[in-house]
Every structure is written in C-alpha cells, then in structure tokens.
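In the two assemblies presented below, chain A is common to both, partnered first by chain B and then by chain C.
This part shows the complex of A and B:
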C-alpha cells in the first residue's frame, strides 16, 4: 500500500504525480518527495492528484507544511486533478481557501 | 447486548500506522453490507481512519492495540474506536477544533489537529470518553429511500422536494 510518486519537469514547472491512498502510513512518503521541491528558491510546483482516491488529515497536513515551506522559499504550490471526495475534504477543512487548487476543465 | 443491535463486529489491531488502512477497509465492508451509500461509506472510512490515527499518534509510548467495534442498528451504525493508552486532556483538545481560518497567516496554520474536526464534520453524532485511554463513539444514520435525515442542518424541506 505504497504511494506511486514520480516527478516530471514540464514547461518550467515541477509536476509531482501522486497515486494511491494518502493516509497515516503513506503520508511520510509524500512529505519526503514534496518538501524538498518546495525548498528550492522560486520553484513552481504542481501536485497532480488525479490518481489519489483517498486522503485524510495526515495528507492534508503534508500540504499545509508544503505550502508554508513554499511560501518561505518564494516558491509556488498548486494542486490539480482532485476528485470529488478529495476536494470535499479540502473544502470541509477550509484548506481550499488558502491553497491554489485548479478546477477541472469539465467543470467550467 | 442491546437487543436493537442487529449485528456486532469487533476487531483488535496493532496501534501502528500500517494497520489504519485495515480498519478503513473493514469499516468500508461493514458499511457496504449495512446498505450505506458510496459517499457515506467514504465518510465513514475517513472518520475511522482519523480516530485510528489519533490512537497511533497519541495513545501509547510502546506497542498497543486499537479496538474497533461496529454496532449495526436498523437506522444507524455506531462505531467505537478505543485504546488503553494514556488519555490526554480532552478539554484542551476540543478547544483546538475547527477548520482552517483563511484570515490567519499561513505560518500559524497547524499541520495536525484537523482529524477530530473531520470526524465531527463527517459523522452525525460524536462522543469522546476518556478515562483509562480514549474511546471515540461515532454514529452515522442510514439514509433510506433518498430521504435525508434532518441532521447537520440539512433542511427537511429539501429532502421532501427530491421525492
């Protein structure tokens, strides 16, 4: 039950593709991949959550930490590909107000 | 046992992060068996995972166990997640509950503490007992025939319109 994580450089953006279930067990794996990216000065980081079908507060906590780190290093962090369930948890917790979350094209 | 309980499921798992997923899958199976909708099952999975994660993070200094009890009633499911570890200050913990405040600077945001808030948001009734360890008792009502229970401020009139 590990996360599937890979990084790609696309048009000057660093895209982190994440797949699987982000919970208490797998969250550290996400943290280890994501935090170092946010520590680079002026980086543009996109986290693609298309293949994430479960997240809970431990995963949300990782994104809060990553956002803090990105802000203090002049980097930016954007989330994309959230399914309805994942999006729901971001909105219940109010995190969607502070994080840059890309709306799906079909929703427009 | 309460004679209104239709089914009783009990399980004891190691209080370690890699077993939180096991509790989550189990409750998913039990709730599906009891007739819950996809969305309600997802809510139950998150609530159970949050309660188990709490035990993993706070209850024991060394190895310990999580007990999960699911009681299925005609109209609801009651889930207890309990440990026998050290209880923490419940009042203190409840004070910290709440969503992220967008008005606050990001530096002040907590990376933890959203778990209990999520449980409270996703379940219909939540009770926390702490004596020798902590037990979180969570209830979710079964929605039948598309009729919404009048819980969490969902107005009854809305549900009637859907019928």
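This part shows the complex of A and C:
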C-alpha cells in the first residue's frame, strides 16, 4: 500500500498532506518526503494527518526522527488533523509534550 | 553432470517412445515424473529442448530440416528461462542460508528472556510472549531483589523482526549492568534511557513499563516510558481501570524524568501489563477495543494467571485468523487471596 503525499506552500509554511496508513511498509515513503524538508534552516513544516487513520510505531519513529532533525537544523515541525486513535498514540508515548500538535483542527 | 544428462537422455527417449506408441495417461504421468527429475538434476529448459530434438532425430531420421532448425530457434528462446531458473536456484540457496542464520539468532534471542516465571507465595504470575515472526521486538524481564520485591519489566521495541531484536539485546545488557537501583522504577528508566539515547538511530525508540511489587506491604510501584497502559483489576468492586504511567519514550531525550506511581494491591486484585500487539489486534471489523480485552480477561478470571493469559492469547489469535500482525506480550500479576 502507498501513502498519498502532496506538499503545498501556504503563507510561508510547507504543508505536507498525508493520506493512508503509516506503518512499517509505508514509513520510508513518509521519511523520504518529510526529512529533507526539516533540514532547511528556518523552514516551518506542517504535517496534515486528516486523512491518516492509522499510525504504527514505525510511523511514529519517522516523526521522532523528523523532530530531532528539525531541532538540530533550526526548522520547526507541527502536526495537525490527528484523529482520536492517532492522538492517543502521541499522548501515550509522551510525544504530545515534546511535539507541536495542533488541537481541534477538525472542528474548524 | 554430463553423466546425469546422458542418463536423462536415455530415459527421455524411452518414455517419449512409449508415449508416441500408446498415447495414454500413463505416458503423461511419466512425463510429470520426468519433469521432477529434470528439476532435481538441475537440467535447464534449453537442455530439455535438446533432449527432445535428439530423441526425435532417433525416431524420425528423415526429420525435415525446417523442423530441426525450428528447435534451434526454440532453444534460443528457452535460454532466457534457463537463466531465470538458475537465478532462482541461487536465490533459493541464499534464502536457505539466511533462514538458518535467523534461526540461530532467534534461538539466541530466546536466551534474553527469562526461562522460568518466578515463584512467590504472595503472587500468582502468568506470562505469554509470542513474536509475530521469528524474532521478537517485545521484551520482558523479572528480577527478584534482596528484599524479596519482584521487579517486572515489559518493553516494546519499535518495529519488528531483526532490527528490533538487535535493539532488544541492548535493553537486556543495559538492564543487567544497572546498579542496585532496582526498586526505583523511575531511576531505572532514567538510566536505561541514557543508554538507549546514545545508541539508537534517530527514528528508533523503545517504550517500556517497569514496576516493582513489594510483597510485604502489597504495593506496586511503577513508571512508564510511553508504553501502552496496563490494566488494574479491583477484585472487591469487580472493576478494571487503566494502569497508566505517563512518560516519554526511551531514546528521544537524554534528560527525560520519569514519574513514579503506586497502587495498593488487595487480595484478588491483579495487574495486567501488555504490549501494543495486544491492543492493536486487528480483526475484519477493525481494531479490538480495550473493553473487549477486559471482557475476555474477566471471562477467565476464575482460572490461574497463566491460564488467563493463555486463553486471552488464544481468543485474540483466533479473532485475527491465527496470524499475528505484531508481537504479542501479556503479563498478569495477581495477589493471592
């Protein structure tokens, strides 16, 4: 299975729209799209997960790698559009406290 | 090799001749048997065509030149198949080699896990841990310290298979080399986190829950590093609650602190620790809910802790059509009545 990934430049931010299931099979596809973006100093990256219904631990690892890369390269990373299941995963793993996760995106 | 070819040739002539004379099922059956032998003797497709043309020449000495030439043409075409077949052979050998290496590694990995469950007067303990493939990314461990407290660890290494297993060995040695801090779950995780943080790739991490059961006062002290919440069963009220210890996963931030929680355990109460392979169990209708899991545990709660975990595993395995998607670990510690 593949992920649908598309990037858009919006108000100086790079928005990565992701759709599908981020698991051991698709994670590398996300890494190839996401990691290079975080390597640009000052870049603001938003990952829109509205169309992602499932993330497994390998998928979570990609976000951790991207966060570390953003921190060391002076860019920023924000996640948005998390469904309850995905949000729970970020919360249980404590990542919600070290990552910028936008609340209530769906209500807008 | 040349001998094998000669032998096959004699045999081919014989069975083809019989078939051409009798044209029956027996002849076709012999052809099937022959094709197995050809494969066994690693005779390539183009050689089979050669066998055929040589046999034909014996039967029909006046074979038209065109028919003969057409077989040379066919041989040329079969060369590609022959090469693909040889490649397939090489790959198969390589795969066998890899498989035997993985078997050795899987056996080695088994030695990382405790080979027996500790016996305690105060606790009834049940454990099941089943990898989705040969090697597991789930780790568990029991330690009995000098005060007779029982330390229990459950960890889930990101991913599955060989990379997870390699990472697990680090956890195992990390745990073994820790100083005598075993009664303090928070400090244990902080130490382990420093080991992991220094040694893993940027997108690797480990989730873990570590708890210590003090049988003198029947308290369970625990800390968590981003691990799937466990369950606590309150016997008097016949009620389950989440056993959750908030904390960041291991391997991300060197200076992470882990809060310590505790729970008073009464007779008949039990603690359930699990890996996400249990809760991420996926059936045709979607993921199973935690309620489904608690319902199953309750259904078997009159049995011993080991029988409960065995039965829950069996039920969940059946729900998934006997194919685990993720490593599965379930531990129950029940205070004896």
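Here, the second predicted complex is superposed on the first by the 104 of 108 C-alpha atoms of A that agree within 3 Å, B and C clash if a C-alpha of one lies under 4 Å from a C-alpha of the other, contacts with A are read in each partner's own complex, and residues count from 1 in each chain.
Following the convention adopted for this analysis, a contact is a pair of C-beta atoms (placed from the backbone, for glycine too) under 8 Å apart; a residue touches a chain by one contact, two chains touch by 3 or more.
Quantities reported herein were computed from a predicted structural model and do not represent experimental measurements.
Visitor: Using the superposition on chain A described above, determine whether A:69 touches chain B (first), chain C (second), both, or neither.
Guide: second
Visitor: Under the stated touch criterion, which partner chain does A:95 make contact with: chain B (first), chain C (second), both, or neither?
Guide: Both partners, chain B and chain C.
Visitor: Looking at A:1 after the superposition, I want to know if it touches chain B, chain C, both of them or none. Which is it: first, second, both, neither?
Guide: It touches chain B, and chain C stays clear.
Visitor: Quick one: is A:58 in contact with chain B, with chain C, with both, or with neither? Answer first, second, both or neither.
Guide: A:58: touches chain B and chain C.
Visitor: Using the superposition described at the top, determine whether chain B or chain C touches more residues of chain A.
Guide: The partner that reaches more residues of chain A in the superposed model: B.
Visitor: Report for A:25: first if it touches chain B alone, second if chain C alone, otherwise both or neither.
Guide: In the superposition, A:25 touches chain B alone.
Visitor: Both chain B and chain C contact which residues of chain A?
Guide: Overlap of chain B and chain C footprints on chain A: residues 24, 56-58, 60-62, 64-65, 67-68, 85, 92-95, 97-98.
Visitor: State the interface residues of chain B toward chain A in the complex, per the touch definition above.
Guide: 17-18, 20-21, 24, 39, 42, 45-46, 49-50, 52-53, 56-57, 99-102, 106-107, 109-112, 114-115, 117-118, 121-122
Visitor: Show which residues of chain C lie in contact with chain A when the two form their complex.
Guide: For this pair, the touching residues of chain C are 156, 158-160, 201-205, 207, 225-229, 244, 246-249, 252-253, 276, 280, 287, 326.
Visitor: In the complex formed with chain B, which residues of chain A make contact?
Guide: 1, 21, 23-25, 54, 56-58, 60-62, 64-65, 67-68, 71, 85, 89, 92-95, 97-98
Visitor: Using the touch definition from the top, list the residues of chain A that touch chain C in their complex.
Guide: 24, 31, 56-58, 60-62, 64-65, 67-69, 85, 92-95, 97-98
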